[in-house]
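The letters A, B, C and D name the chains in turn, as written, and every chain counts its residues from 1.
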Amino acid sequence: MLPSALISPPATLAARYRQVRSATEALCAPLRPEDCVVQPVVDVSPPKWHMGHVTWFFEQFFLKDYLPGYQIFHPKYAYLFNSYYEGAGERVQRAYRGNMTRPSVQEVLEYRQYVDAHMARWLEAHPDPAPRARYILEIGLQHEEQHQELLHYDIKYILGHNPLFPAYREAEQPRLSGPAPAEMTFLEMEAGIYEIGHAGEGFCFDNELGRHRVFLEPYRVLDRLVTAGEYREFMEAGGYRDYRFWLEEGWKWVNMVQADAPKYWFPVEGEWQIFTLEGLRPLNPAEPVTHVNYYETQAFARWKGMRLPTEFEWEAACRRYAPEIPAAANFTDLGALHPIPRQSGDHQFFGDVWEWTQSAYLPYPRYHAEDSALGEYNGKFMVGQMVLRGGSCATPRGHIRATYRNFFHPHLQWLFSGFRLAADGLA
Amino acid sequence: MLPSALISPPATLAARYRQVRSATEALCAPLRPEDCVVQPVVDVSPPKWHMGHVTWFFEQFFLKDYLPGYQIFHPKYAYLFNSYYEGAGERVQRAYRGNMTRPSVQEVLEYRQYVDAHMARWLEAHPDPAPRARYILEIGLQHEEQHQELLHYDIKYILGHNPLFPAYREAEQPRLSGPAPAEMTFLEMEAGIYEIGHAGEGFCFDNELGRHRVFLEPYRVLDRLVTAGEYREFMEAGGYRDYRFWLEEGWKWVNMVQADAPKYWFPVEGEWQIFTLEGLRPLNPAEPVTHVNYYETQAFARWKGMRLPTEFEWEAACRRYAPEIPAAANFTDLGALHPIPRQSGDHQFFGDVWEWTQSAYLPYPRYHAEDSALGEYNGKFMVGQMVLRGGSCATPRGHIRATYRNFFHPHLQWLFSGFRLAADGLA
Amino acid sequence: MLPSALISPPATLAARYRQVRSATEALCAPLRPEDCVVQPVVDVSPPKWHMGHVTWFFEQFFLKDYLPGYQIFHPKYAYLFNSYYEGAGERVQRAYRGNMTRPSVQEVLEYRQYVDAHMARWLEAHPDPAPRARYILEIGLQHEEQHQELLHYDIKYILGHNPLFPAYREAEQPRLSGPAPAEMTFLEMEAGIYEIGHAGEGFCFDNELGRHRVFLEPYRVLDRLVTAGEYREFMEAGGYRDYRFWLEEGWKWVNMVQADAPKYWFPVEGEWQIFTLEGLRPLNPAEPVTHVNYYETQAFARWKGMRLPTEFEWEAACRRYAPEIPAAANFTDLGALHPIPRQSGDHQFFGDVWEWTQSAYLPYPRYHAEDSALGEYNGKFMVGQMVLRGGSCATPRGHIRATYRNFFHPHLQWLFSGFRLAADGLA
Amino acid sequence: MLPSALISPPATLAARYRQVRSATEALCAPLRPEDCVVQPVVDVSPPKWHMGHVTWFFEQFFLKDYLPGYQIFHPKYAYLFNSYYEGAGERVQRAYRGNMTRPSVQEVLEYRQYVDAHMARWLEAHPDPAPRARYILEIGLQHEEQHQELLHYDIKYILGHNPLFPAYREAEQPRLSGPAPAEMTFLEMEAGIYEIGHAGEGFCFDNELGRHRVFLEPYRVLDRLVTAGEYREFMEAGGYRDYRFWLEEGWKWVNMVQADAPKYWFPVEGEWQIFTLEGLRPLNPAEPVTHVNYYETQAFARWKGMRLPTEFEWEAACRRYAPEIPAAANFTDLGALHPIPRQSGDHQFFGDVWEWTQSAYLPYPRYHAEDSALGEYNGKFMVGQMVLRGGSCATPRGHIRATYRNFFHPHLQWLFSGFRLAADGLA
């Protein structure tokens, strides 16, 4: 039986389907066809691949099973747009996605329209779908929201590694500002048993289930995100040149890529400029640092004599100090597309940047991936990656929860990632 | 002093400039913007990079020197469009060309128009340019013709490695056909001293100069190109599975890439299909085999108990048996875009496919590269590559000569390459 | 102040020093000089490098500080024998260790004698060393014991990848045998708060400190190790050919190395033979499976519908069901040099094989690496590795504890690694 | 029918066999077992592999065919000691040779004795062998002499890349000295037809046959080798930092390996020291430069405004100016093991260093490799390598001829390689 937690309310589905699907297209609308094709590194997928892949997901996992007589749009598209589902057959090697100039962007949009029309027909005919159908639909929509987030990263990578530094959009609005914090204040958490994992009615992924108890020794966490200004102090103190702060794997990374700053920081005439989706602009020291990888957070924390919170510590503190997602939280609906300085009273648990935690991505007790191809969604990645929490400025607002577990390899910088510090004991 | 051989007649320059430049644009016109961006392997450059690079060549090597007050179009374009001229400054690493989505195709066309307008102004003002200017202009045009040829290879690679096998153009005309040759007939050449290298008034590259004498022992060469049907016999005889036919480096290549046929040959329901710029179609055994690398030619020749001609043997035989370039030779003006079966009486020295020779690419006596950046054009590649002769179906007719020395690394298959056999002694 | 837990009792030091040092030499005695030089993969170090490195450790971290006027044996040996201590200066790149034919084995033994003589002099003069000196000495000895374990792995690798399959020693004793277990029985653990980490007087590494409370939901663990026979069933059920059992990273590994069995399993005339330090012999299905990596344990567990215990679950169950290390536990003093079938009543928590756990190697609360070069010992490896527990047949008996945390990358097979299953809830 | 050129006179065979075989053992005698095992780069083979391989060659290609009832020494040795003969079955991957610690050096010497005993028996019983047997025997001996040369290179590489810089032998004799040449004097050769390739009775390899005519335009060659002092001038003029002197492939090599000097040159307190088989010593500017690769010779020559001779120019000049091999030529019998300054009147065509030529290694007219496994000896390497001429201080005297064609890849420095300059025309 499906856990009720996994199922969206039926009334919202058709509208939600249209909303999510059109958001993807709006996101890609400012791009030129040329921008939609390339794959500068293996982790970055071409925007048109994203647009096709999320569409194939509905075709493969929904329409083929639920819409009798459904004809797939093109016999080769499964090969082109399957990402990693072994259960769904052969596919283009990941590193070759960026060589596939066809189908063109226009043809991918036609594919989207074809699938959307069939989905609309089905949704109209089924105002109250059965739980399994509702579940798969919801997975498809959540999946597309995740790819919307990835699209922000990948578009930024494509534009930000071009010597012309083209902007994704013009600067639209006055920037939100705030004072650079003068010092570090910590939120305290006493020792005790805390409940971790999802409960209740809303949707969640299978990796959040298995709600269970953990014991936390007393600890404290920073009441906000680490800022770019604070991170720059670490750099100016020689942080990238002193092995003592670094994990061994991190030090190898520093030397291999000759790292000396977060991604998208460029020295211009003695000042740091950063590349944003609005182009190059001067660094704002009050804003949360972003595009740091796990190694960089560890080095900063060791330099400070502290550490990062575990995902359990993060979740418990978030529930205590941010029991509701603030209306002002910086998600995609805010339109900033970049982390913003802390607003008064906000602890920045939600939005702005995903927070690296000091927890490896591993299964919760009683975790069990389902046996279908959809079972490949989360479970098979549970080795070698670290957990991040809280969502970012590239996350759709409705997509996030306190229990949401994101995960990435520790060397990656291209996501909107940041961190907060933690320490043992109460102050 | 410039050798007169290197200089084009002045009267033709303005018209020729327009003709060459517009030919490049016509060649790219059938492409979609998406096709113009990618670089599936390091040897293949994005079509829009070619369009920009050949334009930068005129800006860098001509306009900056000859047009007073010339303003370059964009300060970063030299960085983006320099290929390998160390003397012309820093540039994008070759393997990253395919990550540069900007400038867009449209912006590259605007770059072309800007440069063309300035070139036109200069050409109008200088009806009779000095030899050095004429020489550089001609180099620029020859250079662009070479990139037109590469564009054919690269476009074919991009489309031919896509699972959708999109055609570059519709099949336009009835195919030229001809009977598959029944047997091998050889052209005989007696022992003696032959003159090798360019002489006379027309343009040539510096690597063809240094006309000199070579002594050739008696030999014979096939009176035509090896056909696809003959090559298929080699395959059916187990040619790709028997190490004895292969150079050691070739056998490593066979095993590394699991080679079992020329590039663009695909087994479809028990028959060989080949990908052409008009899409997939059945193999025509009467047409010259193409997209074979040097290793494959050596294996075939050893299987036959023969060898390839040296570039000297090729040139001497070409002068004897094809003193003029036949009007029916298969160059780009013929529009076939693919090698065609031998037409009666033609020895196929010109057009169809570049012929691998058994000569390494090395300097002729008295070879001297000029000291400017243009000196990097040919000389610095004189190690590790083999010479090919005669031009192909992707070569502009006026571009070729009996003395023309093309050169590629021995493992490459993506060019229109083929071969003829040779043997020692008279029959 | 040093935690008392880290310090050995002074009376034992001189005798213990001699015992540990001579054990290393005894271990290498059966090798020929040729065996002592090579490094077939980067993870395997040459035996003579191990012998030199552990000696350098005493020179670098003890004699230079504690023995006034000590002259180092050779000015280049620090460069040759430093492993990864950034704080101790430049060193040979790890992958080049196997190219260093000098110093010879004989010269390394002379280096050992030189250092041992100086250590003996110091130990004689200091019958009751100060805590810091005792601590560093003990670290040096524990360090050498760890390298004794690695020597077993590396010697086995060197001999076991040679087509001649030379034995490290002749089969000396009748093998211990036991019946293959008929079924799986589980040890039960109820929910509750458990204390994790080292307490008390004996030595431990810094990564075991920070004793803290964890809450464990009810679970059960297999009352023994998984056997070779059980693992063979997984193989015969197609375990290596079905992606559904594998982590994504594990499935990549299977395909990259074409894995179809644990390391050192060889099919010989339809039966599995395994390579041991006594050479090739038939597989004994009753013995614990070994030389499996983390991916393989995950695939087996998923095939069984179970999982592995976390390191916390392992430690709590070990304390409950094996509060003392059994006298019959299979450590180096037993001399088996290979895992042996379960003896009646033993739960196999100690010895035989290191048990992979489902825990990533991460710091305990209040973990803090010391600031000296010795601080590089454990802490800088806390990313990307998994924890193993319990020691193996290559571990010196006195070296192990219930709280001991070993750690390796998940793809590695060359250690004596195995596993036990776990499941959620009571039966 | 075998060409008579390929066959040694029968009377010398038994004595010559003993002489060649014992020379190999004498060459390895100063090594320790540890030195005999490793393979620091793929081009370097372990000395004990060489000793086994040349022995296997006699077993495989002679004893198995000619000695009735011959029992091979060990069934796995063919697998271990076959180098690249596809026709002789499977073998250890080349890059793994250095992981094979067994058989030990002692066991390899026993293998040698076993084969030698059987060879001696056969030679005694066949005082006048048939031509084919004599030919194969001679190939085996020539082959072993080639491996003697390689042993010098590989031993030097193994010792010269060790931070201890151990000497292969003590400095035995006063060094031969000579004045550094003041200027460059050239030997002149007029235009004409020259005969190239082997003629006459003595042994030669198949790649020297096919004696044929070449026409050479007038040229001149340096009357000696380029010296270390002259090469140092090139370095001091910034030769390694100026792309204009380099072939493109050479410039890539310079940047990839950060080249700034020939191999084995080390800056020590402001002076160049070089590593020789007698250890580190100051550079002697009068001696021929060695351990330069083809790229370096090209850069030097272009810096000088000259070029290298082709192999044909070299051979014709050698025949004219050094018709006999000088008794004082620096081969292994001289015992210098290093190039020595030019002695009065010697043109240094023979010995000291192999001279890179500006010729790619390609077949002569009428070249045909024999069809047996021995046909893999030379022919299959005829792509991508350059020809060197004249022998070196590591070549046995009797091994060399004016027509001898050695060949190596252009990036290699570990051989005793050097060069002389050439130029077009008479002075």
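Note that in this section a residue touches a chain if its C-beta (ideal position, glycine included) is under 8 Å from a C-beta of that chain, and two chains touch if they have at least 3 such contacts.
Remember, predicted model here, so these are calculated numbers, not experimental data.
Look at the CA centroids: the one farthest from the centroid of subunit D belongs to A. One simple way to say how far apart two chains are is to compare their mean CA positions; for subunit C and subunit D this gives 47 Å. The centroid of the Cα atoms in subunit A and the matching centroid in subunit D are 60 Å apart.
The distance from the centre of subunit B to the centre of subunit D, with each centre set as the mean of the Cα atoms, comes to 37 Å.
A ring topology is adopted by the chain contact network, closed into one cycle in which each chain touches exactly two others. Chains touching one another form the pairs A-B, A-C, B-D, C-D. Contact residues on subunit C toward subunit A in their complex (touch as defined above): 84, 86-87, 191, 193, 212-215, 217, 219, 243-244, 246-251, 294-295, 298, 307, 358-360, 362-363, 365-366, 371, 375-376, 380-384, 386, 410, 424-425.
Within the complex formed with subunit B, the residues of subunit A that make contact are 32-38, 40, 48, 76, 79-80, 92, 96, 98-105, 158-159, 161-164, 166.
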